[in-house]
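Structure first, commentary second.
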């Protein structure tokens, strides 16, 4: 059946102790293990697999790789064939390359980002269990995010040079990995340039997104919250923890999501994101944002351009 | 790719004028057409296909049929083969049997309920459009429900007589239509009897549900709202319209959904339902509610048995 | 300037350990002291005086007394004169009769309930302080109620016998204590009987309320929450703690408040109450609820009579 | 008993048609009358007096005067005596100077702003009435603000020149009009300079506020909404109407209020403000914000200085 959802992100952080304070106290994730290379693994309370975030010590912030989970082990073989047929080279990483994780298919998106697919990760269960569960666990810390929801990758785009890895990635995700496009930004004469794209495998508005920029990088990883009220609470938590907030509570036109953007201590951008928005479906027509309304799509309320939002990333 | 989502429900109503006042003024649906037999077709503002509710004049309330949309026309042939192979007889209804709707595959669930599958319905678009859309349209009436979200069917169950059409339906939906089970209620010695089941094709907690009872019938059809705040607003709207409320705002343990139950003027139960709840996934273990906690699953806050909730249906 | 607000309630409880679990874990109050008679004193995080609830061990539930705070010590003398002039006998209790509390003026309302006024209680401060405070403290337990907001007293009423202590209390509170009437229920021929009354000194819709019944007693004490979302959270907390819920989340017509009713382990009814509702003002006309709409006033959504709600009290 | 609440504000607008579109469609106020000088009077749905906003045609934006309502006509004489005794000259404006309004006491605050007091304004009733009222009326437009809640006046402050009309106004409001101070900002060595003050007569956190600046003027008038969710809706409404938003949804540290700032078409700043925040009381200690935390007080989440917020006003 193919890709299920985002499985984990592997971020580089420059001060592990500070990073852990952030992801544990502000986001409310729990540390589940550490490997011999100093990588620390964390999970959200509503996730059942062992981890969704790997923090790797580094002298520079950014994304090492993002991984998506597929339904069955055999899907890895099917997808390997499709990806190679598309013309993208893959490498297979043996089970245990990442602890508690099965074999992984590794490849680079046209934008250069490393992506991995895997079918198996150790099951540890959510914090509410599977028998007569409460809707939320006691002792939630900080914002109490539910799960890693999606990532947004900045993709090199230089129309004059004929480079548009947003469009390249989008085509790849649809044709090789069977994602479907939910929303896009089109710019340039006749709106001919696909400058941003939101794609999904689940029936939520996005499981991955691509936005064009001068170089490829990580724009943000996003965590799910239930409601606009939880967004307020998460902003309050950030204020208490002196988290650097990038964009205070607002709504996206794109996806309709309720949002806050903020930075981890190394400068990796995070988002807390609330609401289903709409039921994403393969027969729902793609929503298109035109160049003149681009910023309404990004920040629906003001519609103001915030250059730092698209210029600053890791 | 198979079933996408619930497409429409066809309800019998005893007073069309009263029924329309209810679905238009309380739910906020719009009337889109009427056929020569007096059937009236309605849609929600956030749906793109032409209708999701057909009201049929009758002298008795209840559900005529529920229909699910599949992705491609060829899916109908594949699913026909699977359904027949499962041992369920199907009938093909020609395009136009329902106005603005393609050919339909008609069959009965083991519980006796009529279900239909179709791949095509006239596209009319949501009320916010596909280019630079606002998150919600102006002039929303009443509760302003987003879309028909799911139905819950009461299924004949008589364990002493060896009859359990909840389990029969569940097996059929999984094996023939590739739904996945998200939650269940188990009762009896050793929890051996599956007395209720929630199943999904999307990544929301349920697209259809079955609950055991003395006879098969309709428990409710449910409409999606964004948030707990919208639930309050919808309850206020019902009070203003003197809608008969069955269960005032509360939370389900099952699905975590925020909810109100109420009746249309003919006595068909409706639900307004808010929140994603959790991301339903095929690798997420099934949640099981045991007999002693059944009512916490249904009404999480009080956990009180409300016999009329399971005894009264159409 | 006279009465400021409700200061504390003194409730009788039959199992102190169970009562403390309730008020600490469900409501989120903190225990501040215990006296030599086994009375336990608690406060809410957003209150600055030392306590707002006294739990007294007893073999029967109920209210011993309710106390209101006045602005200045001299107000006690002025009010004593007004109360006595009204024809109600007062007793002065010396400073220290209650620990950390100044002298108190003690008297009985026409309904027989004991009320006390005081001007001084030891200041201990809210949990967020007075310099650059956060909007809420860390480590909130349970529902995290802000403050004791009001009480509703059941007042003996027997129109045939010419007894209506609702009207008697209301007249007394207005004339002797300078409260103002915000809402009332009128019943009987021509709506001549004031069967319930809501009165205020602050600019919130009520600081005290009276409802007629077969005997005088305590209907409930109410605690303030910010929002409908906090009402949901408090209901979730009650479910987790197996608190006996009387009325699940709904809205009052009267005061517009968002509410849950529930019982402490001894059977004293509590309310969590959210929202300002409206700005209560002395020139805002009194809202009147007529007998036929009485239950819409009480439970706006269903408007259904819930006899246990008015018949069961301590 | 003195001052009840803010009664109305009189703003200058440069394009009446545009101004009316704003106050009617975005705020949801209703136009109630127009006088022969072209002044247009508006009211909110939850107000019972005839108007709370007067728009006056002008070639420059700004505040002509702000008026507060007192409880009784005789209060005007008492307050006149107190104000004159304080050393502030008053003028009495005869009944009918403003239509539907009784005699007014006119004077200037130490900051130069014109303030008026009045006891009588024509009663027209809220839109939900006083008998069995619904909690909100049908056909709410735009944000559907409940009432004019408070104003914030910029007050000339030049510490080097010994000018601080924030402190002067605060002293005047407390001593002559019996307001009480709820919060303040103190700056300078030893926090000796009161650079901003929030004062109340009701038991909400503020009925008027003063902030120091290079010249006296209007910072904003604020309208009340129930909840954070209504703040989101009001921001959505502004986006749809292309209202110029100054500060997107956030929380104040000061007052704890949930807020959006935006401008009317003439550049007068408006606020939609939600939540009670806390119960303001005369025995609640004043909250003080120190210079280093000033911006956390203003915008709790980011704590970032936004110079335009204090520099731009009318």
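Here the chain labels run A, B, C and D in written order, and each chain numbers its own residues starting at 1.
Simple rule for what comes next: a residue touches a chain if its C-beta (ideal position, glycine included) is under 8 Å from a C-beta of that chain, and two chains touch if they have at least 3 such contacts.
Only a predicted model underlies this, so the values are computations on that prediction, with no experimental measurement involved.
Just one of A-B, A-D or C-D has an interface built like that of B-C, with over half of its contact pairs in common by residue number: A-D. The interface with the greater count of contacting C-beta pairs, when A-C is set against A-D, is A-D.
Work out the mean CA point of chain C and of chain D, and you get 31 Å between them. The centroid of the Cα atoms in chain A and the matching centroid in chain C are 49 Å apart. The distance from the centre of chain A to the centre of chain D, with each centre set as the mean of the Cα atoms, comes to 43 Å.
Residues of chain C found to touch two or more other chains are 134-135, 227-229, 236, 239, 251, 253, 296, 300.
Interface residues of chain B, counted against chain D in their complex, comprise 134-136, 138, 227, 229, 236, 239-240. For chain B in complex with chain A, the residues that touch the partner chain are 1, 4-5, 46, 48-49, 69, 71, 123, 125, 130-135, 146-147, 202-204, 224, 226-229, 251, 253, 256, 275-276, 278-279, 281-290, 293, 296-297, 300. Those residues of chain C that touch chain B in the shared complex are 228-229, 232, 235-236, 238-239, 242, 245, 248-251, 253, 258, 260, 296, 299-304.
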